[in-house]
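Dropping the structures in below, format is structure tokens.
Two complexes, one shared chain (subunit A), two partners (subunit B, subunit C).
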Partner chain A sequence: MRIRTPLILGAATAVAVSALSAGTVQAQTELLIWHMEQPPHRVDRIQELLDEFNAANPGIVVRQEPQNWGEIYAKAPAAVAAGNAPDLLFAIPDFAPLLQGIGALQPVDEIVAGLDNAHGFYDAAVEPYAYDGGIWAVPLYNMAISLWYHRPMLEAAGVTPPETWDDWVAAVETLSTDGVHGIGLPANRHLYTDQTTYALMVNAGASELYNDDGTVRFDNPETAAALDFYGRLFAFSPPDAANWTWGEAEACFASQTCAMILQFTVITTYDTQTDGDPADLGVVAIPHAASADGGTISYSNGVMLLTDDPEKRAATEAFLTFLMEPETYGRFLNMEPGLFLPVTETGAEADSFWSDPMAERYRPQIETMLENSQAGRLFGFTSGNIFPSIAAISAQNLIAQATQAVVLDDMAAVEAASEIQERMEDAIR
Partner chain B sequence: MATPTDRQPPRLDRRQREALLGFLFITPLLLWLVATIVWPLIASIHLSLQDVRIIGTTSEFIGLDNYGRVLGDDRFWGAVGRSGIWIVGNAILQTLLAFSAALALKRRFPGVRVARTWIILSWIVPTVVAVVIWRFLLNASGGGLINPLLITLGLTESGVGFFGSGETAFATLVVINSWRWFPFITVILLAALLRVPSDLYEAASIDGASAAAQFRYITLPLLQPTLFVVGLIGTLLSFNVFDVIWLLTAGGPSSDTTTVPVMIYETAFKQFRLSQAAAMSVITAGLLVAFAAFFVKVAKPKEAF
Partner chain C sequence: MTRWRGSAAQVIVLGLLAIFVLLPFYWVVAGSFRTPEEVIARAAPWFPRSLTLEHYGNLLRQSPFPTYLLNSLIVAFGTMAFTVVVSTLAAYGFYRLRFPGREWLLNATLLAYAFPGVLLIVPMYGMMSTLGLIDSLMSLIVINVTFAAPFAVWMMKAFFQTIPLELEEAAILDGASRFQVLTRIMLPLTAPGVASIAIFAFVMSWTEYMFASILILSDDQRTLPVGLAGIIGQYQIDWGLLLAGATLITLPVVILFAMIGRYFVEGMTAGAVK
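Our next item is the complex of A and B:
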């Protein structure tokens, strides 16, 4: 059979054109997100939202890779150095300066401004990421530690929810009976202990970790008082609390071995792992010293942009616009109901946030958490000052080490504050 | 003018050909060693002479400053001391466990084959899984197995916080690490024990030697080469253990379980002093080489070398 040359040429051209068109259709902007929300149900919820976004935006593919807070301080700079960093990386305020300091971050001022116009960011959520002439992360959600308690246990013991430190220690003492610990506080060399310790420091009037000139002021009477009080409470904690992270504290609370704990939230574990009635779950602001106003540790989590590719930047803007839309945002926050609080005005009113079945059941508790978060502070980001060197202090868990010195090594609180002050000075040298 | 004969390559005799062949065989290994040991060591030394803080950043040459800082740091020597105690503690416990297990498994009893296989289980379990298991076992606030057992036996009135003080945390880590590693040593010792000719024991029995005497005069001498290798490698492996410690205590409480590897990691990735950590690594490598040389000189069995 004879095959004509023009026919062959025509067929070849058709194949080439179709290949080119296929190439055009397949050209997609890929975004890789690293986040530290590892629990499977959170990963599932994020994936659900990513699938929706990817389906609605055929030119963009967003992927997630969950990471670990314990290792991300080491892993992220290494990934940047190796050239395989993600495009987007979740952050807390004291983590962002680490990457900003090595020039790994892109400013996100315009993205934040656009989302602010549409949804109204709370100023406190943006401020910790605004320094050195830029905004270095887009706030996503807020977190605040509160005092959680089993209402029936307190009622049975004739104890009212404490407001001051004197009330608190008396309540803990009363609640500590056979098999029950009045409170569960961690003393691990871990971010959780940093946070619970700082929460007490705030309530002792020691929220400032730095002087205005950037020198450390950890060694002061208020900090020592907070460390000393932590030691008094820790004496009533379970013996293995020295090794706790967030999960063990929640487990202790869920099993009713601990009558109270300091935690961002316990709603999910309480609801899913106990037969508890929502009305029996109590939450109040953290008690304060007589000499100080109340407060807590609170901070916004954000997402940082590491890529300088304009297409990826545009894709990021599209993705975050999708994520912060009220009908999406509440579902994002409710990947862990009651833990992640809105950072925008529209988010705080979003049906998608309040209509979650668990959020509906625990609405009073979530409202209390929101209220507590209004009095939130974060070490290194207080009084309008921002000290990026806090990243080195935080990464070493030096606040937790002060706590360990007092509660595990029986060091006097004043001495521990002094010793850790030196360590902090060395860390930021 | 060159003749065709002049252009022929010189012929190698048999000995030269064998030497060349041997060299060709070991070249890949040498290249591998250069790539994985020599080059990283040179890179570490180079890094230790700078002041690099965060990985990926650059710095100027600062000479031996980092070495001075490390050698003058009490915390570093504290970590060296803890590493020494860690090695001794692990060596004693692992040797006892491994010897007992190997001697037991050497005997023939129903199920010994299964036991010989499954003894290795705790060694092949991933570290993270082992840590989760032990966290559960040691839990003192609802659940757990060891604390309820201790309370039931009347050994304690309330739960024990195994990580609540430096001493107990360190001892607990030694136990957990030994639990993980003793099966590995057991398998090596068992293999050596099974190679000891049974007629030696039979002859000793006929001569009236007790079991202890047989162990002292037959088993131990014949196991010496194995024990030497296990002692050297085991010590170095033990020294370098990082994962179990980091996952269970992160070096705490305070710095009571901060061994040298933990301190190096902390310095590099928590304090962000990569060059200082490199100096620690170089010093540590020197200490380990010195130890290995000393160990070989003192402990090498004469028959084997």
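Our next item is the complex of A and C:
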């Protein structure tokens, strides 16, 4: 008996302690975020912000698991089907319909409304996620393609930054000399070519890929004009340019082999991998056809909510409120300075955004990027007409295929537009 | 004279072939020691003008590369060990034991290669999730063994067939069990075959990307091919980091080949001419 009493007391104490511990654990709401910002410095910056949030909110623990854009389109649906999907998942507009279509997303209208009241979302950032009676992602940052150029090269050639297509092709021709290519454009079935082609389509007045009734309208004179012009520019690109993705274009620009490229940003590479002067780095809006207004392609990146747990929803709201505060938002965006642009009015003015050393050095360029992004469009998500079937067109890189037909197969632009229209109709059927 | 000409021609052809094969490796390794400006130069010199260890420093200090390396080694050696054990036992069984459906079962092992891996992603994810192996290195070992074992079984069976039956019979007459015959007689005699399937399993596992990218969720469980792709980035590529990573990722395979590559070549030849 003497032996048993302490044992029982000990066991009871252990049970009580473990029950209390369990109670403590249960009181914490855990949020798991999957994002695709995998480079180590971005992961570090996000972790820094998570640590701050977790320390200030003892009842919530937010964890990150970086993923890769290359696999997430297969991985996320598989995780949803297996029941181990994350609570929050970063998105671009054509990824969200994939999960919304299988009922994996929770609407975030109220969270967006609350943040909009506090910080003023740019409409163009929210629109791509608003369809089927809900908003399916909270916008976090924007990316827009601009025309980057080497200022000294243009000055030496007596060329001013182009504004129209006529200026542009003339400038590219003048800049193409021994060892230098006036421009570097890709022409393969890859997302980068989708993006550069659509950027020209926007500037030809062909930003709408769908009619109001949801039928495809790729086969039109404006699209054909954009494809034809793309072919004219591509003639001045390096011989290996057809196979490029973003990195090769950036390397061509950084090595001063390409006088101009279309790119989201070149700032980090220009700053860290070359000895270029910030003042020599030029950026302007993409030139437009005489008959059209200017614009560009932009991606509003957001975060989707996959859990229907009310406590996790509340925790998500608290976390996103923290993230979008001007004191933290700029630091979040500057996980890759000069690439990620604010999607809120307060974010665009935040000291935390502009006080980053690289943002300070390249402020004029970033201001131009920000201005360009205001005129951003994205294929399939324009004019308030959101057609989730764009995911099928995007997955097959059909826009890029049209460019490839014109540039590499010498097909007439009108014919390519017609043929790709048929393929798009098949893809969404 | 004719013999000399023949040798010279062989040397020239082999030299050209060596240049053709080794030049890309040289370019990668040399690039990993170049300065960032020289790495992205369109007309980089053949020999680096100035050498730097900057990219290796960044890779090893500022990225989880060492973690990825350790994970890849665990998965590759795990795959190698399981493949060797499973395949030798299975091959010996197919070679020696007589049971109904033996030929059919042997042919059925090749079904693993009948389907493109991408078709298996969702069912494999579901199976691993049911087994609680998502985000576990064991899931990769299981998958890799699944795909390495069929080829290894066929290869080992071919090796076993080269061993005279009398040797086994003599051992059995001396009182050896089946297992002792396998481990003490057959395996030592088929060492080149074992080395071949070990290297095959290691290299297959070392370069496996698709399942590693789908079944692993957290950064601390990631293997090298997937981890390196993430380190490099999508829109902005640090080319020096990429080349340093590519150089380091090939080192374990080079070391393994240096150690037992001779057996691999012997094994491939012996298996081929049986």
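The rule we apply is simple: the second predicted complex is superposed on the first by the 406 of 429 C-alpha atoms of A that agree within 3 Å, B and C clash if a C-alpha of one lies under 4 Å from a C-alpha of the other, contacts with A are read in each partner's own complex, and residues count from 1 in each chain.
Convention: contacts are C-beta pairs under 8 Å (C-beta built on N, C-alpha and C of every residue); 3 or more make two chains touch, one makes a residue touch a chain.
Quantities reported herein were computed from a predicted structural model and do not represent experimental measurements.
Asker: Quick one: classify A:Pro40 as touching subunit B (first), subunit C (second), both or neither.
Answerer: A:Pro40 sits against subunit C, while subunit B stays out of touch.
Asker: Look at A:Asp240 in the shared chain and tell me whether it touches subunit B only, subunit C only, both, or neither; answer first, second, both or neither.
Answerer: Touch partner of A:Asp240: subunit B, not subunit C.
Asker: Under the stated touch criterion, which partner chain does A:Thr268 make contact with: subunit B (first), subunit C (second), both, or neither?
Answerer: second
Asker: Applying the document's definition of touch, where does A:Ala74 land relative to subunit B and subunit C: first, second, both, or neither?
Answerer: both
Asker: I'd like to know which partner A:Asp409 touches here: subunit B for first, subunit C for second, both or neither.
Answerer: Only subunit B; A:Asp409 stays clear of subunit C.
Asker: For A:Glu250, decide between first (touching subunit B), second (touching subunit C), both and neither.
Answerer: second
Asker: Touch test for A:Ile145: subunit B only (first), subunit C only (second), both, or neither?
Answerer: Once the two structures are laid over each other on A, A:Ile145 reaches no partner at all.
Asker: Under the stated touch criterion, which partner chain does A:Leu333 make contact with: subunit B (first), subunit C (second), both, or neither?
Answerer: It touches nothing on subunit B or subunit C.
Asker: With the two complexes superposed on chain A, say which partner A:Leu154 touches: subunit B (first), subunit C (second), both, or neither.
Answerer: After superposition on chain A, A:Leu154 lies in contact with neither partner.
Asker: Under the contact rule defined above, give the subunit A residues that sit at the interface with subunit B and also at the interface with subunit C.
Answerer: Touching subunit B in the first complex and subunit C in the second, residues 74, 77-78, 81-82, 251-252, 255, 257 of subunit A appear in both lists.
Asker: Which positions of subunit A touch subunit C when the two form their complex?
Answerer: 34, 38-41, 43, 65-71, 74-75, 77-79, 81-84, 143, 179, 246-247, 250-252, 254-255, 257, 263-265, 268-269, 272-275, 336, 339
Asker: Would you mind writing out the residues of subunit C in touch with subunit A in their complex?
Answerer: 36-37, 39-43, 62-64, 118, 121-122, 125-126, 129-130, 134, 210, 213-214, 217-219, 226, 229-240
Asker: Show which residues of subunit A lie in contact with subunit B when the two form their complex.
Answerer: Going by the criterion above, the answer is residues 73-74, 77-78, 80-82, 98, 101-102, 181, 184, 187-190, 238-243, 248, 251-252, 255-258, 392, 395-397, 401, 404-405, 408-409, 427.
Asker: For the complex, give me every residue of subunit B touching subunit A.
Answerer: 54-57, 135, 138-143, 158-166, 169, 248-254, 256, 265-266, 268-272
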